[in-house]
Amino acid sequence: MIKVTVWNEYSHEKINPRVREIYPEGIHKAIAAGIAGNGIQAETATQDQDEHGLSESVLAETDVLIWWGHLLHEQVDDAIVERVHQRVLDGMGLIVLHSGHFSKIFRKLMGTGCALSWRIADEKERLWVIDPSHPIAEGLGASIELEREEMYGEHFDIPAPDELIFVSWFEGGEVFRSGCTYRRGLGKIFYFRPGHETYPTYHNAEILKVIANAVRWAAPSAGTKPIYQEIPVSLEPIRSRPVSGGQD
Amino acid sequence: MIKVTVWNEYSHEKINPRVREIYPEGIHKAIAAGIAGNGIQAETATQDQDEHGLSESVLAETDVLIWWGHLLHEQVDDAIVERVHQRVLDGMGLIVLHSGHFSKIFRKLMGTGCALSWRIADEKERLWVIDPSHPIAEGLGASIELEREEMYGEHFDIPAPDELIFVSWFEGGEVFRSGCTYRRGLGKIFYFRPGHETYPTYHNAEILKVIANAVRWAAPSAGTKPIYQEIPVSLEPIRSRPVSGGQD
Amino acid sequence: MIKVTVWNEYSHEKINPRVREIYPEGIHKAIAAGIAGNGIQAETATQDQDEHGLSESVLAETDVLIWWGHLLHEQVDDAIVERVHQRVLDGMGLIVLHSGHFSKIFRKLMGTGCALSWRIADEKERLWVIDPSHPIAEGLGASIELEREEMYGEHFDIPAPDELIFVSWFEGGEVFRSGCTYRRGLGKIFYFRPGHETYPTYHNAEILKVIANAVRWAAPSAGTKPIYQEIPVSLEPIRSRPVSGGQD
Amino acid sequence: MIKVTVWNEYSHEKINPRVREIYPEGIHKAIAAGIAGNGIQAETATQDQDEHGLSESVLAETDVLIWWGHLLHEQVDDAIVERVHQRVLDGMGLIVLHSGHFSKIFRKLMGTGCALSWRIADEKERLWVIDPSHPIAEGLGASIELEREEMYGEHFDIPAPDELIFVSWFEGGEVFRSGCTYRRGLGKIFYFRPGHETYPTYHNAEILKVIANAVRWAAPSAGTKPIYQEIPVSLEPIRSRPVSGGQD
């Protein structure tokens, strides 16, 4: 059983009736309901909770964290970001959705500005599968079509992804690297573009399938945790050399 | 002409006579003298200077920054780190040497812990060229031999490098990814392992050649700076869709 | 159940008593016995069989093919190589061992010469784990030690691997990229260095664990097979343009 | 001075008046004229010449080979393909254009099928710059627009590129990885998508700029050629071990 925590800043739903209509219980509840089952158990956490709902004990029991944020990135406590960062390096999976590209945790893991260009114009997005044998693309056809979405356009200021799974086509003329994997420390990270709050993207069965696939891919492996330390006694003998020899 | 600033925390040279003997004017001066010429102009800066010697104007005129630090990483001002980070994203090259793996700027750019294992035992290091056609390896043979160096051993907690140029063999039994390139924003980054302060590594002609090669590789290109912005008017027409249609 | 076919040219065992002593039934039987179980079912095939033991039906039922060859690379039938190549592109996993670096199938998949330097001197090899969270490294410690092996040294003329899992240290002074993953078409490929025929490497429990891990990693996923075709009717409307307009 | 040979199968121009009108002297002459100057000297060669115009001496003096083929891929002599392949591994740059994705030389270097989907419908292509600081993108804006081109759509059956420089948007709804770099042996390879013969793509100044940039990027470096050989005497001493010890 993979334990997922779906985190949401949970702000748009409270202030925008259109968003509330689409996600009456919040984006987090829609995603959690949409991916639960088949070996995935999904809880939720929101920014307005104590410690943003991400206490040490919650994180310790989370195999994969899903992150949705937008308006309130700067109000996320740096100490919580540090805690999530450390958990990722220790092996927790992280799935960053849509406007989460500008979250503190994603920028901290990437080391870049993570900026992009954008437009909200009710336009069509089509996500093409670039890596068809990747487990994150399992069960999909050649592309996923979303009738209306916000546009994100290149250039996207990220490190070159370890693997590029999806590239989006937008009706208005742009393209975007929509599905990108990274490894940082022992943790696996997946950035997935779709999910503007005013569109019902997280009710789309294919989008939910991708997120569930990504959860399975990002779940921690049973690998060994490396030890970083001084090793005073060498594994192999070291020959003593007179200082006058060699390069000195 | 490529303008280089060689930055050094300049601490070991002041407190350890053995280091001072090897680098009487400091590691920074040895490197600057060793790479200057052939289109490279090298200045120096040290941590004890105002703004660590890295004022806005110094950075604005620096094409490639070389970084050597060890004991005083935590005393580097966060605001200066932020400034250097932004300059790298804007295109300045950065060469991080040896114990700089634990510097604030390198960890910020990598997003990982950057830890490793180590040993000081006067042991031999041999850096093998893994990518012989890479410009950073230009003019080298199959490997570089250093009669005595500190050992750094895997696992090294970095993102998988964009390009792996060198792997080190150590007499005591370890290996290490010794030459790694990364791109972050518009900036090129090269991590280069050798250079423990108690060995005359930065007087070695091949090591200096690698650093000079890396300076040329990391110098900013004349590419366009991307603009990240809202694009309210689409490049292509967007068809109006009734809300009842499509996925809604 | 993952179906594995372990393929061996099966020549050294017949002509060299020392090899026969280590592998009385052949390298293929030792590997098959060593990895079978825990969801892996292993059959064998040898070069002296009809169609080298790799008929269409055998390959059709093989999820992962393991390849060991050395003396007789040039006598492998090109038509069989073509058949194996096509099966890899269609999704079959391939694990290439040791001197298989020079096999027709590996060179055809890599596109490079796949040359390296070597020495047989009863020397120690230590394989360091470079990617500790990778499933191929599951259950290992920081390194694997082999008391005696043939040396393979860099430069190794391969494309930069998609993932670098192991780097070997050799007592005589060299390093080598010992565990490399590639994707070609829908197939996953793992090159794994150890296994000179005069050493009992394939009786080593850790080496067998790596091969079994690699089998699980390389097994075909349930992804969709892409269709490559003319698409005469566009998904989106294309505006007619007068020839005099635009760039013409 | 970088010496370029622009190779063309030179068939469409002879049989299709529309192509002849656009390229009266052939695609090869248009490209050669369009990139010559600024340190580039461009000759041409065509498939109908002796040895396809690619004699040993021509290749020996070619720094970068540009390849355009389509109808006659299968009639390219395997011995010439082998010769070009070897020259690439020895360091010659190779730029493969448009329908050259199915050429013998490109498939041999990639190891995959190199298939894709396509459509000819006079549709708009927009190539977005994904890697703005890469020398191949030097001097460009955010994208290049081609009023009419053939569509190539994903999935494109290539190895994941070392660097992804361009992604194309097509009016009809597809995307494509349009600019991909690879290293094979000592040679640098750039695949660049645009250039269907019935459109004036190789008269477009930005397309020519990309090709000229790619020539500069792919030109051989002055690096050392690796030697692959037996190394009977080890660099470091190897301790004799009794056979009864260790793993044996």
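Think of it as A, B, C and D in the order they're written, each chain with its own count starting at 1.
Criterion: a contact is a pair of C-beta atoms (placed from the backbone, for glycine too) under 8 Å apart; a residue touches a chain by one contact, two chains touch by 3 or more.
The structure presented is a predicted model; accordingly, all values stated were derived computationally and were not measured.
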Per mean C-alpha coordinates, the chain lying farthest from subunit A is D
Weigh A-B against A-D on C-beta contact pairs and write down the one with more.
A-B
Gap in Å, rounded to a whole number, between the CA centres of subunit D and subunit A:
35
What whole-Å value do you get for the distance between subunit A and subunit B if each is reduced to the mean of its CA atoms?
28
The positions of subunit D in contact with two or more other chains are 124, 126, 129, 131-132, 142, 153, 155, 160, 171, 173-174, 183, 185, 226-227, 235-236
Subunit B - residues contacting subunit D, complex:
91, 124, 126, 129, 131-135, 137-142, 171, 183, 185-188, 220-227, 235-236
Show which residues of subunit D lie in contact with subunit C when the two form their complex.
89, 108-113, 115-119, 121-124, 146-148, 151, 153, 155, 157, 159-160, 162, 171-174, 182-185, 200, 204, 226-232, 234-236, 238-241, 245-248
Interfacial residue positions of subunit C with respect to subunit B in the complex:
126, 128-132, 142, 153-155, 160, 163-164, 167-170, 173-175, 177
